[in-house]
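Shared between the two complexes below is chain A, which pairs with chain B and chain C, respectively.
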Partner chain A sequence: MTLGWIQEALASAPVQHALVAGSEIAFLSGLVGAFVILRGQSFAGHVLTDVGTTGGAGAYLVGLNGWFGFLSFGVIASVGMELAGGRTRGERDLATGVVLSLALGFGALFLYLDAQLAHANASMAVLFGSLFTLDPALVPWISSLAAVCAAAMLLIWRPLALASVNPELARVRGVPVRAMSIAFMVVLAVAVETDALVAGSLLATALIVGPAAAAARFVSNPLRAGVAAGVLGAAIVVASVLLSYDSYNWLPQHTSWPVSFFVAALAFLAYVVPAAARRFGVRRMAEVTEA
Partner chain B sequence: MNPAIVFRDLTVSYGHRPVFANLTGQIQAGSFVGVLGPNGAGKSTLLKVLAGLIRPAAGSVEIDGRPVKRRAESIGYVPQAVQMDEDVPLTGRDLVGLGLDGHRLGFPLPTRRRREAIEAALAEVNALHLADRRIGRLSGGERQRLLIAQAIVSRPRVLLLDEPLNNLDLASTQQVVELVKRLAHEGEMAVLLVAHDVNPLIGRADEILYLANGRMAMGPIDEVLRSEVLSDLYGYPVEVLRAAGRIIVAAGAMDGHAHAVSAASPEASVMLP
Partner chain C sequence: MNPWVMLAFPFAQHAFLAASFVAAAAGWIGFYVVLRGTAFAAHALPKIGFAGASGALLLGVNSLFGVSLYSAVAALGIGALAERDRRDVATALVLALGLGTGALFLSLGNLYAEDAMSLLFGQVVGVSALGVMETACVSAAAVLVVAAFHRVLLFTSVAREAAAVRGASNRIADWALLVGLGLATSAMMPVVGALLSFSLLVGPALAARHLVRRPWQAILTSVTLSLAVTWLSLFLSFALGWPVGFFVACLSALAYAIARAASRIFDRRPLEGMA
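Entry: the complex of A and B
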């Protein structure tokens, strides 16, 4: 078997852009994902993808790049959820659910209008991702935004962790707990909404939840789990981009399989395979002890 | 003797609803005080005022002779036992470490001093064996002991515990209360523990602070949990019953029925005909 196709893939500009932007945002997503688990906020991640759908579809409608729509709606929604939410998690989820259905209603309208009036392909791009058709001008923006957000996470991870497990003690020690929550939600929004470019808004949380859940099984410190999840996520995106490129030759009709499928499949494998291996390993050890 | 906490004329209201008014008292270092009273009497609010988290409408709080301020390392705070997912990536050691320097940015320097401070706090709550376990996989009582270690790792002068016994079984409740008593007496800390039920505190707390009807009574359990004192506090007749070493507070209500609970406050969780 020859690996010449990988060299060929790496020589292509869209593949290069996809690899750079995709792996950077995947690293941020894994890092953020560990704190989503610590804070029990995976519901918020799902909300942001749904609201992002509306923003992305709306952006195509007015002729903007989808990323700006995803990002602006996601950031507004994340701050709004923090500010408007009730005191308990239940109240917050309820308030979020109501706003969410309104946003999704508009999302449905925008996707329909996209298909009728603007871009026939817009709804495919919004829902399933558009990594290979990424505007090259966006790559530096995505890179620097991901870098700034990752740096911010590394800077605030301790106060954020303290505010997550014991908000009163955090406030006694002078941590601005509210500001921490808002900052985290904005970083989460950046990660989720940029993931929507990679894996589509339907699967944007795959890169947040999957690698972090896999890493959290083996690494028990939030920061180390986050970094491990980030590296895993980046590896998943690199593999997905290359597989998607190669899949052009898999069927006689010659059509590339979407990156989002590979991302979801690999994230699932990363979560399931180690667990299965561990269970198998435990059983084998049990047999050894019996023998 | 120098009191660790002094509060004068504390008045707090939420909107137009007054929570309590003109509370004055002091708590000595090395003293373990249980905070009791019916729901909504402001037990947790009082704790938050003492911690500097809520600004009172009137009155003042001094910790060690100085007005309470934000960024206080001299105060430890333990919340209610919380549920955590099993796979949450946080160990007992991480949890305690956050109590030492969790308010700082960036990474902790892995110094020997830091490690020893964390181990000492873990040892004080008998939780050295939980250091590398994930907090989501511990029992409520084990997690609560780690939260106490988190609160005391910075060597505070004042330890505030807001309903730390909720959701704990009887054995864990007694373990936590014994631990808190030992920390107060040996560590020379002023400890306030908010509880629903006075019974786990009997023979362990030095004093109780009973809040009701916007006012408070403070003193040893036997002096405060008396019919005259509580009737005066509530403004209507309250009976204090002692049976088999337990205390039950019962109120004769206006409709002729008696309400009773074992939680040492006359709330209508059990209706007696």
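Entry: the complex of A and C
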């Protein structure tokens, strides 16, 4: 089998843009994801994607690029969620849930109106991603925003890790815990909402949680786990883009399989396979020692 | 269109019946969801059900079957993964995988926009007489599962250590709730849609928690509120032609906001004097 199709894929401009923007944002997502897991904020991350749906659908409604809608709603929601707080995680989740369902209600309305006003594809782009139809003018913006956020994470990772694991100790050491969590939520919002372009608002969580959960099994230092997750995430996106490009020829009816499917499936595999392999390996070792 | 006139048509009557069964089940199960703080699972299962429904559309089988199968597998998957890893991580991963396959089914079946929208936001006017029967049976099954484990669910949530000492397993309670949620999801999906099932599960139950203290009172209040929200939403949706889910979400949030304000004014604290 020749690998000519890869060269052919790489020569196409939409694929190039998809690869550049997608892998950068996936790296940021992995980096942020390690801290999301450390802080137990998977639900918050997921909520941001749903709020983003509302923003993205609203942006199409008024004729803006979806990304601006995702981003503005996500950042506002992230700060709001952090300020609303809650005594326990369960209670915080429930309060978040009510805000979330309200946002989803409006998202439903906006998507419905989008469909009525003949942006039939807008709703699918919002929900399932639009990496191949990315506006080339946005690529530099996405790249620089991802770079700034990644730099910010590298700058604050040590006090952030301390504040995540032991807030009391962090406060004693003079770490501004509250400001730290707000800053983190904003970076998380940027990562999640830009993922929504790659994988759609329904699936943005995959890139945050999947690679980070896989990395957390092998690396305990949060920074190293973050970087490992980022590299893994970028690899997943590159593989997904190429597979989606090639999948046009897989079935007789010639439909491209969506990028978001490959992202979700590969992220899940990255999490499950090492665990299974390790378990199997451990069992084998135990058998050998017993024998 | 005048909603009173529409009520004379069989499709509107079917919609009201199916939505009522779904609302009662959601209000009941929502009580346990709120009690145990499992908002993420309650949010994830309906979305995974969406993937199951799109798979069923692709294969041309009954969508209730697809939703039930997918929700059941997802509930088992979340339960199994959560035993080795953190629950929220497990939920997020299973959710992402489920939705990914859903996106694939939709694109393979060329089912885009319209079908996806009706799955995500509900297609309440499409319910047949047989559909009403199916919805009633599945809703009843969902309530039966949680009701059978009522004492265990309550005991392990309110006093985890004491429950463990007395031999009431928190794991069994977790599984029972996941299965109940999966079943309720299957019933809700076709009616209110994947995205808004969650509002109906959490909104009325949270409101009820702020209004009354005893568990049975809370369940009854939650069911009543849920029915009221659903009926009013259907009515508004018929009148204005906007999606049912939008009204369900707004009215659920409104019920919660009013209940919270009321509990502030009358200075009642939720469920604390109970134990």
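The definition used in the following text is that the second predicted complex is superposed on the first by the 286 of 291 C-alpha atoms of A that agree within 3 Å, B and C clash if a C-alpha of one lies under 4 Å from a C-alpha of the other, contacts with A are read in each partner's own complex, and residues count from 1 in each chain.
Operating definition for what follows: a residue touches a chain if its C-beta (ideal position, glycine included) is under 8 Å from a C-beta of that chain, and two chains touch if they have at least 3 such contacts.
Keep in mind that what you see is a predicted model, and the values were worked out from it rather than measured.
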So, after the overlay on chain A, do chain B and chain C clash or fit? They fit
Chain A contact check, chain B vs chain C, more residues touched by chain C
First (chain B), second (chain C), both or neither touched by A:Leu83: neither
So in the superposed three-chain picture, is A:Val165 touching just chain B, just chain C, both, or none of them (first/second/both/neither)? first
For the superposed three-chain arrangement, angle chain B-chain A-chain C (C-alpha centres, nearest 10 degrees) equals 80
Exercise for review: Have a look at where A:Val62 lands relative to chain B and chain C in the superposition and call it first, second, both or neither.
Suggested key: neither
> Regarding the shared-chain residue A:Asn221, is it in contact with chain B (first), chain C (second), both, or neither?
Replying inline: first
Check: What is the contact status of A:Ile37 with respect to chain B (first) and chain C (second): first, second, both, or neither?
Finding: both
- Message: A:Leu102 in the overlay: touching chain B, chain C, both, or neither? Say first, second, both or neither.
- Response: second
So in the superposed three-chain picture, is A:Ala213 touching just chain B, just chain C, both, or none of them (first/second/both/neither)? both
- Task: Considering only the touch criterion stated at the top, classify A:Leu154 as touching first (chain B), second (chain C), both, or neither.
- Result: first
Shortest distance over all C-alpha pairs of chain B and chain C after overlay on A, integer Å, is 6
Overlap of chain B and chain C contacts on chain A, residues 37, 40, 213
Interface with chain A, chain C side, in the complex: residues 34, 36-40, 42-43, 47, 84-86, 88-89, 91-93, 95-97, 99-104, 106-108, 110, 112-114, 116-117, 120-121, 193, 195-196, 198-199, 202-203, 206, 242-243, 245-250, 252-253, 256
Within the complex, chain C is touched by chain A residues 37, 40, 42-43, 45-46, 50, 88-91, 93-94, 96-102, 104-109, 111-112, 115, 120-121, 123-124, 127-128, 200, 202-203, 205-206, 208-210, 213, 251, 255-258, 260-265, 267-268, 271, 275
Per the touch rule above, chain B residues touching chain A in the complex are 48, 51-53, 70-73, 75-79, 82, 85, 87-91, 94-95, 98-99, 101-108, 132, 134-135, 147, 150-151, 162
Given the complex, residues on chain A that touch chain B span 34, 37-38, 40, 154-156, 158-159, 161-162, 165-175, 213, 215-217, 219-225
